[in-house]
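Structures incoming, each one as structure tokens.
Below, chain A partners chain B and then partners chain C, in two separate complexes.
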Partner chain A sequence: MADKDTFLHLARPLGPAPIGAQPSTAPVSVVIQPQAIFSILDHALRRPSDQDRVIGTLLGTRSEDGTEVEIRNCYAVPHTETAEQVEVDMDYQKQMLALHLRANPREVLVGWYATSSELNTFSALIQNFYGQQGDGTWPHPAVHLTVSTVPGQEIESRTYISAPIGVTAERAADSCLFIPVPHELKYGEAEKSGLELISSAKDREDRSQPIITDLEALERAVEHVLDMLERVSNYVNNVLDEEAEPSSALGQFLMNALSLAPKVDPSDIERDFNNHIQDVLVVSYLANTIRTQIDLSNRLATAALTLGTGDALTGEGGQRDGDRQQGGRGGRGGGGRGRQQRQQEA
Partner chain B sequence: MTDPLKDSPVKAVQVEALVVMKLVNHAAKTFPTVATGSLVGMESAKQPGLLEITSCFPFPTIDVPATDGHQQESAANLAAAAPRAKANVVYQNEMIKFLREVNVDANNVGWYTSTSMGNFVHLNTIENQFFYQKEMNERTVALVHDVSRSSQGSLSLRAYRLSPAFVAAYKEGKFTTESLQKSGLRYQDILVELPVTIHNSHLLTPLLHQLPSDAPKEELSFPPNLAALQQDPNTPLPPLFPNYDSLDLSIDPFLEKTCDLLLESIENHHTELNNHSYYQRSLAREQAKITAWQQKRKAENAARTASKQPLLPEDEWQRLFKLPQEPNRLETLLNSRQVEQYARQVDGFTAGVSAKMFAVKSNLLPGE
Partner chain C sequence: MPGPTTTLLIEGSFEELADELAQYIDNLKKSQGDESSDIQGECATLLKENKKDEVLKKLVMGGQALNQAPEKEFIAAYNLLIHLVRQSPNLPMFLPKICAHLSAPISSSPANGGGLALSILGTVFNTLPKDHLEMRYHILLAILRVIRATSNFETLRPQLKQLDKWLEEWEMDEVEDRKLYLAVSDVAADAGEDEQAYIYLLRALRTFASEEVSSPEARELSLRALKSAFTHPSHYDFQDLTDLDSIQALRNSDPIYFQLLEIFNSDLLDDFNDFKDEHEGWIEEVGLDGVALNRKMRLLTLASIAASTGQTRSLPYAHIAKALQIPPEDVEMWVIDVIRAGLVEGKLSQLNQTFLIHRSTYRVFGENQWREVASRLDMWRNSLVGVLQVIQQEKGRFMQDKEEEANRVEQKLEQATRGQGRGGGKGKPRAMIDDDMD
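And then the complex of A and B:
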């Protein structure tokens, strides 16, 4: 969804603001984390039936010079909108912000979102509220993110900052100039596995997916790779049969990829392979043995009393059990350490 | 116990994609410290027993100046104990109150925690879940997200509840050999795992189809040279699914770490057993003393009967001798459960790594 639009920023006449209190209107670049978008979409689904759009606050981090904004989190803010007026629950916004900052002290208020692409007078009002001095993002510009949530259409997101506009102070308070800024959606390494699972459900009718095991994930990845190899080899065969158009660049790329395969002696591979697989299997075997022993040990610990006839006898019985377990476990522990060393050698 | 899920009010857990993202983010941000938070949602109306987790929020971080090892430990402990801390209960209630205003399902349905390499079966987890599950019909679960395992392939997210038998035993607070025999509680029965499914909303599905952008559909012209090919803006990003990270061959560090943790658990088990056998020995010693005393008293009484003197009471030993307290077996049980967890994890790793190794071998030695 990374926006490929290009932006040209021109100097513009500034509104009547007191000298020295001019908020920065320098263009910023915005990075959005998927979590924020997910949250906005969730909010859009939960909007009251009589409202077209809902709004919320964006939280995130800002680089030191304020030119890069990363939107990490957001929360919904209740508001009502009629043809004449808009009402934002400022008290709610303030308290929720305080609650969020307690859990994420490093995040700051960066702006607000709305779940429709439309920009209107109310947008300007809310924008000025978020960008104001005191509770707002001042002296940095507030970022406005719009996410279109029209069913059946692509989800489109846009980001804006604003510049004051209007000839009188009263006009300036309820109007502003929205300046589009570039943004991109970025996900981190940690989120990848989560996104993987979430997107694996995207083609399913019921939109849900049970947690897959490592082995299943591996199987699917291997299948996918085989599929791609098939496509490439099809292409190469077609070129050889003079059915497809050859390309020297593609050929070179494939050559480079193929030359990455290491040249090793088959006997070396055989030896290393056998060593390694044995290590792995021994670890697995020992782990299972340990599991059995622990089970046994637990059973013996609670079974001791039923075998004995008197208190004194059971005491001894239990003690003997304990000794036996210790002996067995000592041996196992030793085995474990040995295997650890072998692993490090491998 | 044939079916541990049979008498549980929650039979399956459905997690909204938003929760997964929030959880993964929070866990990654605080790693290696444990991240904990609260889950909100509701029971499915269509399918009783299915718990829908629709949102979550993290608990506030506790800032303990980490200057030396001891304090770091206490910070980690505080973080792990966060779900049952009083301040967080207040925080949770307040947050839920606010969430209700924006139409979020405002019921607490449990808590989540992050862990590393399956190292989550300890007293803190048990106490937290017990705190949430005190009432028998409380529909709450513990979601456990394994950061280390998720980083090397597929997401590891599990939902647990305490078994009713364990809750009953924990309420009494007695974990002696005798009580364990009576209740038949085994370490396998402490935690009940619930199946987890991920659910996407209608709006999310189109977004996921946009993400990442597909390869262009129209015919492309061939790049003139290699450099142009590598910088081609049309190159599609690797898809989110399937994840090629799971093809990574370096799994040994994970195996090694698990083995280390396994050994550590065995050491703990060893200590517990030593404690227990120490208890057995001192119990035997005390009992031998009591028997000796009783015999002596009997002989004395026999002598007194012979000389027609009043008899001395024979149950005075209860005042004179004190039997040692049996050590709590809960720690042993949890430890055993942890060992089982590790062993299964090793199994999983070896299954994956041996498959990969055979693939590599036949790749390098074709024709064999």
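And then the complex of A and C:
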């Protein structure tokens, strides 16, 4: 996201409060989940060529006092805009909202988005529509999210809530003041690494990217950490050579981070390691034994099959195995197994 | 890409809107019993003569009446006023008046008055045109006044991180920066946020240029910072103070304070006791809490001796008891206190009567500490390089194995096809062999 203008958000306009609660002017903050942004961008890509911006409804959750809004989902709403008038398909919006609420009752209507950073009087109209009593977000303010979608430029997002303006009812109906509110895009580690993988394919000719294995990921991570260590020790060496200004806060922080390694006696480590090795050895020995047992019973089972006797000798495991063989593929299958076995031994 | 320049969206000409607002204010005043008010009439005449600024002056002066507006209409009416004022070229002329009105208590809404005023001031702050950006400073000061009066520090806290950026943008001089920092510090102190108050006090101190460091104002602020640092229950880092020029200037003007600071910065409890003997009664005289100072000094001393253990990283109880001048049975309590203060991390071994230190804070971060950091970094890097080698080796071997296996399968396949050729059309020679085996 590009650098943006700073603003101050101290209080939200006083809204009507639910009965029994004090109306409050506590500031609002908005959290946006990336899938909502993706779906907005997708909508912007598929917009009709003659439309500058498209709009849609934002769904999400709101904390009880209304100070925190989380935008989780959204859907497009058709609308047409000309120089003189704006038309929003309200029936469609209502139907879609009802359907969404049926599928996911916890995600409520929180506001609307537009795919351009511009605010105009139509924005005010739509904002008032979304914030109205009845179908709107009333008594909470509707959140307006603008996502700029100018090709070749950074994507910029802004969030607003609105306050009334004007002293007469008619004036207030088609105008409003947009109050910028702070917002934050939140995504988890897993989403981030997934996206990184996808976006790394964009520079390749065939637009494909193989998924890296755990081992490769580990290798990369180790190299990454080595790089960072290199940078830090460069700084520290510079400080020691009196080339860089020492910052005791930074040093203290480094020291704290480096002290996180637990203090353990080498003899303790050796003992624990040996204990662990013994455990591993026992497990691997047991695993081998079991494997041998299975092989053995396999052979006995197929042998019994060809000879037609010897069930008593094969034991329980062999018995079951033999049964399956009989019910399943018969002698040929047994032969196949035998072959596999031989290949392993080779 | 800058944000939208205007967020106030209202249709209607200046004249219409001004007329509506004037009427509204008149009505408000009349409901208060002030029948003589006729702003609407006066505005109408002025509008005819096209004196917009005069109209605005009237409206802004009448704005005081808005403080009595019902809380639901308050914001809407004020927003309209801001919208009108913004259109004037003489914007800076009106804003101080508006700020003053908003700083006054809002009589119609005792519970939410502060929030309402803050909301309007925030709007004024945000909608200021680019060429009047420096006005934001004065509005911010007004905002701080309102916040202080309504004890609303919580709403301010998330915004404070933008302060530096703003100050940079506004290009204010140091005196004004300092005024702002002090205002923030006062607000924080009133809200009981001693830590924040202290941080902003320090920032205010940093604004003193080197030639002003011994001015009476600088001295007063420095002493204030010193005192709050000494008595603050969870502040243990004095190095930031000693680095300040204005504090260094105290060395000449208030040597006793400076001596005490040096003791707290790097010395041990013994030195503190010597200091107390030397300046008997001084601590009480200047109003410092002797018990708290003693306690703090003990914690700092324990941190110091923990940091000086070096590679052994363990401290016998007896040593701690001696350094802190406490009975041995109290050692564990003190260690727990110092861990809670975040100066040291470690575990107590009652069996061995020692304190095993994981991490300790260095009160003075000198060259030796940097060397320690460098050596630990090297150690970490070396072991990581080792790990990387193992990984690469294993990976290479895995690739090799895989290749060999592929080769083997290929060979087998070749053999099989050759065998098939020899067998001369026999269906499945391999299966046949298997069957024979079984």
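Here is the rule we use: the second predicted complex is superposed on the first by the 212 of 346 C-alpha atoms of A that agree within 3 Å, B and C clash if a C-alpha of one lies under 4 Å from a C-alpha of the other, contacts with A are read in each partner's own complex, and residues count from 1 in each chain.
Assume a contact is a pair of C-beta atoms (placed from the backbone, for glycine too) under 8 Å apart; a residue touches a chain by one contact, two chains touch by 3 or more.
These numbers were taken from a predicted model, which means no experiment stands behind them.
Using the contact criterion defined above for the overlaid structures, shared-chain residue A:F178 touches chain C, although it does not reach chain B. Looking at the shared chain after the overlay, A:A244 reaches neither chain B nor chain C.
In the superposed pair of complexes, A:L215 makes contact with chain B and with chain C alike.
After overlaying the two complexes on the shared chain, residue contacts for A:L41 are found with chain B alone; chain C is out of touch. Contact with chain C, but none with chain B, is seen for A:L254 once the two complexes are overlaid on the shared chain.
Contacts of A:N120 after superposition on the shared chain: chain C is touched, whereas chain B is not.
Residue contacts after overlaying the shared chain place A:R158 against chain C, while chain B stays out of touching range. After superposition on the shared chain, chain A has more residues touched by B, the comparison being chain B against chain C. In the superposition on chain A, contact of A:M90 is made with neither chain B nor chain C. Within the superposed three-chain model, A:V225 lies in touch with chain B and with chain C [touch as defined at top].
For the contact definition in use here, the residues of chain A common to its chain B contact set and its chain C contact set are 2, 153-154, 215-216, 218, 222-223, 225, 248, 252, 256, 262, 302, 306, 332, 336, 339.
Residues of chain B that touch chain A in their complex: 14, 16-18, 20-25, 27-28, 37, 54-55, 57-61, 63, 91, 94-95, 98, 101-104, 147, 149-151, 153-158, 177-178, 180-181, 186-187, 195-211, 213, 222-226, 228-230, 239-247, 252, 255-256, 259-260, 262-263, 266-267, 269-270, 273-274, 276-277, 280-281, 283-284, 287-288, 291, 329, 332-333, 336, 339-340, 342-344, 346-357, 359-361, 364-365, 368. Remark: chain C residues 1-4, 6-12, 17, 20-21, 23-24, 71-77, 79-80, 83, 109, 111-112, 114-116, 118-119, 121-123, 125-126, 140, 143, 147, 152, 155-156, 158-159, 162, 165-166, 169, 239, 313, 345, 356-362, 364-365, 367, 369-374, 376-378, 380-381, 384-385, 387-388, 391-392, 394-395, 398, 430-431, 434-435, 437-438 touch chain A in the complex.
Remark: chain A residues 1-2, 33-35, 37-39, 41-48, 54, 72, 76-78, 89, 92, 95-96, 99, 102-105, 149, 151, 153-155, 185, 188-202, 207-218, 220-225, 245, 247-250, 252-253, 256, 261-262, 264, 266, 269-270, 273, 276-277, 280-281, 283-284, 287-288, 290-291, 294-295, 297-298, 301-302, 304-306, 311-312, 315-316, 318-319, 322-323, 325-326, 329, 332-333, 336-337, 339-340, 343-344, 346 touch chain B in the complex.
Contact residues of chain A toward chain C in the complex are 2, 4-14, 22-27, 29, 117-121, 123-124, 148, 153-154, 156, 158, 160, 163-168, 171-172, 174-180, 182, 215-216, 218-219, 222-223, 225-226, 229-230, 232-233, 236-237, 239-240, 246, 248, 251-252, 254-256, 258-260, 262-263, 302-303, 306, 331-332, 334-336, 338-339, 342.
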